[in-house]
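In order of appearance the chains are A, B, C and D, and numbering begins at 1 in each one.
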């Protein structure tokens, strides 16, 4: 890392993006615990570097698909916070008008084609989005976020083979937090891992430390450029850690306390802040201000969501078929 | 190869098995063309070495699952010819009482758990059979035959990962004839191929010349021993060629004539016979007699099937639920 | 005169010429498709719009959806209906729900083509008729034509529709001939075609069973019983008004379909008429709840035939 | 008193103790399952009989089948019904057909457990009720209990059955309490449970909607209308005789279910009664043909409630 003016701005953007994701999810978690957010809530606290590091290398017109743990991807891609917070609270002003909730967060206006309640559900969609973009002669790309759990589902194989075959402009991002629901990835995943699987399907892949936003950013920048340049699909394997349980109601008590503590030690925001300070990109006070601003933004969004109207029950019948 | 007395008998059995498959399918093809066999018919003429080379290394209690092109697998595993020929002709005495036909040929009495009308459909079943056998504490194994087309379907990934994970006694056999229906495997398969895919899923794999029954036999013997010994799953990749079209009504006219001619040149029966002669295992007359016996057997079976009664229409309602 | 499969070919051809966003993906489509329904397309439109795919049904379906989300209009060819079972998450959990779930942000304009039904003794895994499932599934249009003209006109509508349309090609009728106009106009969804008028009873049917129904009606006519025959053509939206009106008028309604009778779409029609037009005498004729057997005499024992339709009509008339 | 989920746990536990061929496979089952329905099983039966699997629904389903073919008796746990869409080929084309297709050579003795229905605002991909699909599918038994005792007794029957049984766990009722006997006896398939007797009308329902039906009946009772309530418990085989007899006696039949009304199993029941007991006044109450929305007021607008059941009963009684 070398703090030129240009990348200093980019680094600060990465930091700010991570802080906003963290603040959004901590706020949402509290709201869920307070009973204000219905339905299941999956937060990605600890994994922010992946969403930020990848999405800050994308254009607005690039598309992403996500999974059940999608707040970070959406925010990093530029989804409106008010619409997200209202959606989580089930309000009329939510991006999905209250029809989707956390697990189906989407903001098509910024190319966020949706979270997904089905593991690996976003893979075929992203592949098809890339194929459509190519067919339309556009040079936008598709990015597909999924977890380590998704690499044991069939669509992973079908989607990667397909993308390689048609040289589609799609970047697969495997967010490997080592666990799927209540089961360790290592206990359900045979063979050498996702990089080997991708390679065997014709998709070049690289592993990065997914808790180091600088590393994610650098790898993503390179892979996005290759994909956009017509080189065909790529896969980014980002190793990270989920600080909390599977859902907001899961304490994940089965994980050894020292494992969790060690992971929190190396968590991506503090770690990146240390580098920003060391590189002289920002002062501690500036960084704290970013964090505080993010938290204030999210708490204001939450307050606004709480005050926002519920959807008109009549809207439950629209958006099915026809006009 | 070295013709000891012991393996001479085995080689002759391989030869005989291939000849019976060829004779069965040529007879069935003619019967289909004559309008006596209803429904779709997929023959494996040219691919006999794979079925014979693998199945002659199995016990009766070992289980196999097959695909839409399953006559050879069934015959090599010991399925009764009369029951098979009647089944193809839709007669009451067929293994499935006329309910299955060619695409659903099965003979559970010899461990043949069924052909399958769905590409890759047999993979999860074979994996589960292996898991069940292991759970029951038996040392029988499961063998799963599928084509090159199946490696682009999700169950291939899910099944291999699963088998490796639980170290199941299952041998996967990819019968690679380079084509799926009317599309070249190379045009729809990205990456280095099935062996790499298997390895990436934790399943050691080897490639053999699938038109050389000696090679198939040797590889199968080794892999079956490993699998039975508890080493976990293995994959055998057998390269072969389908002499005829996809179904009995497909001329496969799109394939260059010289390609087909070259393949017929190296076809497995004649090729193996040359070796048997060279090794002094049998005389030309003896080999011809085997071929003629096989043909006579199949033609007699066909005649018997033609004379056999149709199923009682009332049986259409049995075998659904309950007793 | 044009065969039904050729009518479908012409309809897709017309639409792909009209709109460059329309494309087709599925196994072997570049070689014309399993039934020749895309014959010549590769030559005309090239490999980017006529995409022969791997045997990867989940992604055939899901990639179609993704491509629709960025503004193309895919025709998703599933080869044989039964293989849709390999792509049900993509169809049921994704395609059917994406517009609603995202509050209208997405509008997946796509057609899923699924040649279905009995055909040349193909047995249990290649003959299923599960159209009723999709009438029960919110978020999709369900089309099941039976003539070349209807097939062509409804396929044009399907391709132009902004909704996901499940198009059940009646594969057993691919060889049936009929007139198809030079320029194929879209046929609106949800309207029956009145095949013949009559006063003795109303018979509603659709898709591959229509010829059997017409044969049955001929038998009834020879006995002086005039059947009013309605070809439903669409299971969702369906022409409830026309069916109820006809049933009210004749006083008797028989619904015949190739699918299993229990839980088939006939149940919905009968239930609807029972609720809205009490007094109409009602009957169904469908397959028993049995998988499709291979052998001809067994298949014959299971499948709905003109004789079984006549028998059902007779029982209904005797009530 | 035992909760429904605990009753199910006890039933599976009893059967796994009884028969060493019974085992369970599915995601997280070694950690007790998503709902605790397998709590303590790993400790008791070990990792070979309590198999926490990868997220590989196709193989969870298909491996269960393969293992059944060699003589074990798997409980295939699908976690949430909607994920069954990832395993439909294995369920529909393989499990449901294998015995028939092979002329009876195979007898897949297995249970597929699929917790289904609305539950804590889980939205479109985690709330589906598609039970009617499987009543329409030859080759499977379809069970949908609503009380702890029924759930336990029917699960015992399912595990002992030689047929493939689709067991719809009513996940929204997992916390409901009731008595469960020390030794859980099998409850035969295909018999209704008469919840209460009455003469004003017959209400048939099942699974997670039963409490709403009972609340609706209480409202009707407070107005002097006695509803006969039948809990169907099984959709296949279903107790046609009991339903028809009750409907004949009261003269009015309302079928209420959580599923979408169009094409739901209510249509089959209504059609059947319309055919076999003409004159009975018939009505249904189900969800509109709309995916499940997330937000509470939207979900409330869609879902079947006691008030909607009362309103449907009132309309029926006014006819």
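Points to keep in mind about this one:
Going forward, a contact is a pair of C-beta atoms (placed from the backbone, for glycine too) under 8 Å apart; a residue touches a chain by one contact, two chains touch by 3 or more.
Predicted model only: the values in this text are computed from it and were never measured.
Compared with subunit A, the chain whose C-alpha mean position is the greatest distance off is B.
The distance from the centre of subunit C to the centre of subunit D, each centre being the mean of the chain's C-alpha atoms, comes to 30 Å. Subunit C has its Cα centroid 40 Å from the Cα centroid of subunit A.
Inter-chain centre distance (subunit B to subunit C, centres taken as mean C-alpha positions): 36 Å.
Residue positions of subunit D with contacts to 2 or more other chains are 53-54, 56, 58, 82-83, 85-86, 89, 93, 100-101, 123-125, 138-139, 288-291, 293. Multi-chain contact residues of subunit A, defined as those touching 2 or more other chains: 94, 96, 98-100, 104, 116-118, 121, 152-155, 158, 161-162, 165, 188-189, 320. Chain-to-chain contact here is organised exhaustively, every possible pair of chains being in touch. Residues of subunit D that touch subunit B in their complex: 21, 23, 48-49, 51, 53-54, 56, 58-59, 61-72, 74, 89-90, 93-94, 98-106, 138-141, 163, 237. Interface residues of subunit A facing subunit B in the complex, by the touch rule stated above, are 152-158, 160-162, 164-165, 188-192, 196-197, 199-203. On the side of subunit A, the complex with subunit D involves touching residues 38-40, 90-91, 94, 96, 98-101, 103-104, 116-121, 149-150, 152-154, 180-183, 187-189, 254, 310-311, 313-317, 320.
Subunit D contributes residues 82-83, 85-86, 88-89, 91-93, 96-97, 100-101, 123-125, 128, 130, 132-133, 135-139, 236, 259-260, 262-268, 270-272, 274-275, 278, 281-284, 288-291, 293, 319 to its touches with subunit C in the complex.
If you check the complex, the residues on subunit C that touch subunit B are 27-28, 30-31, 34, 52-58, 82-83, 85-86, 120-126, 288-291, 293-302.
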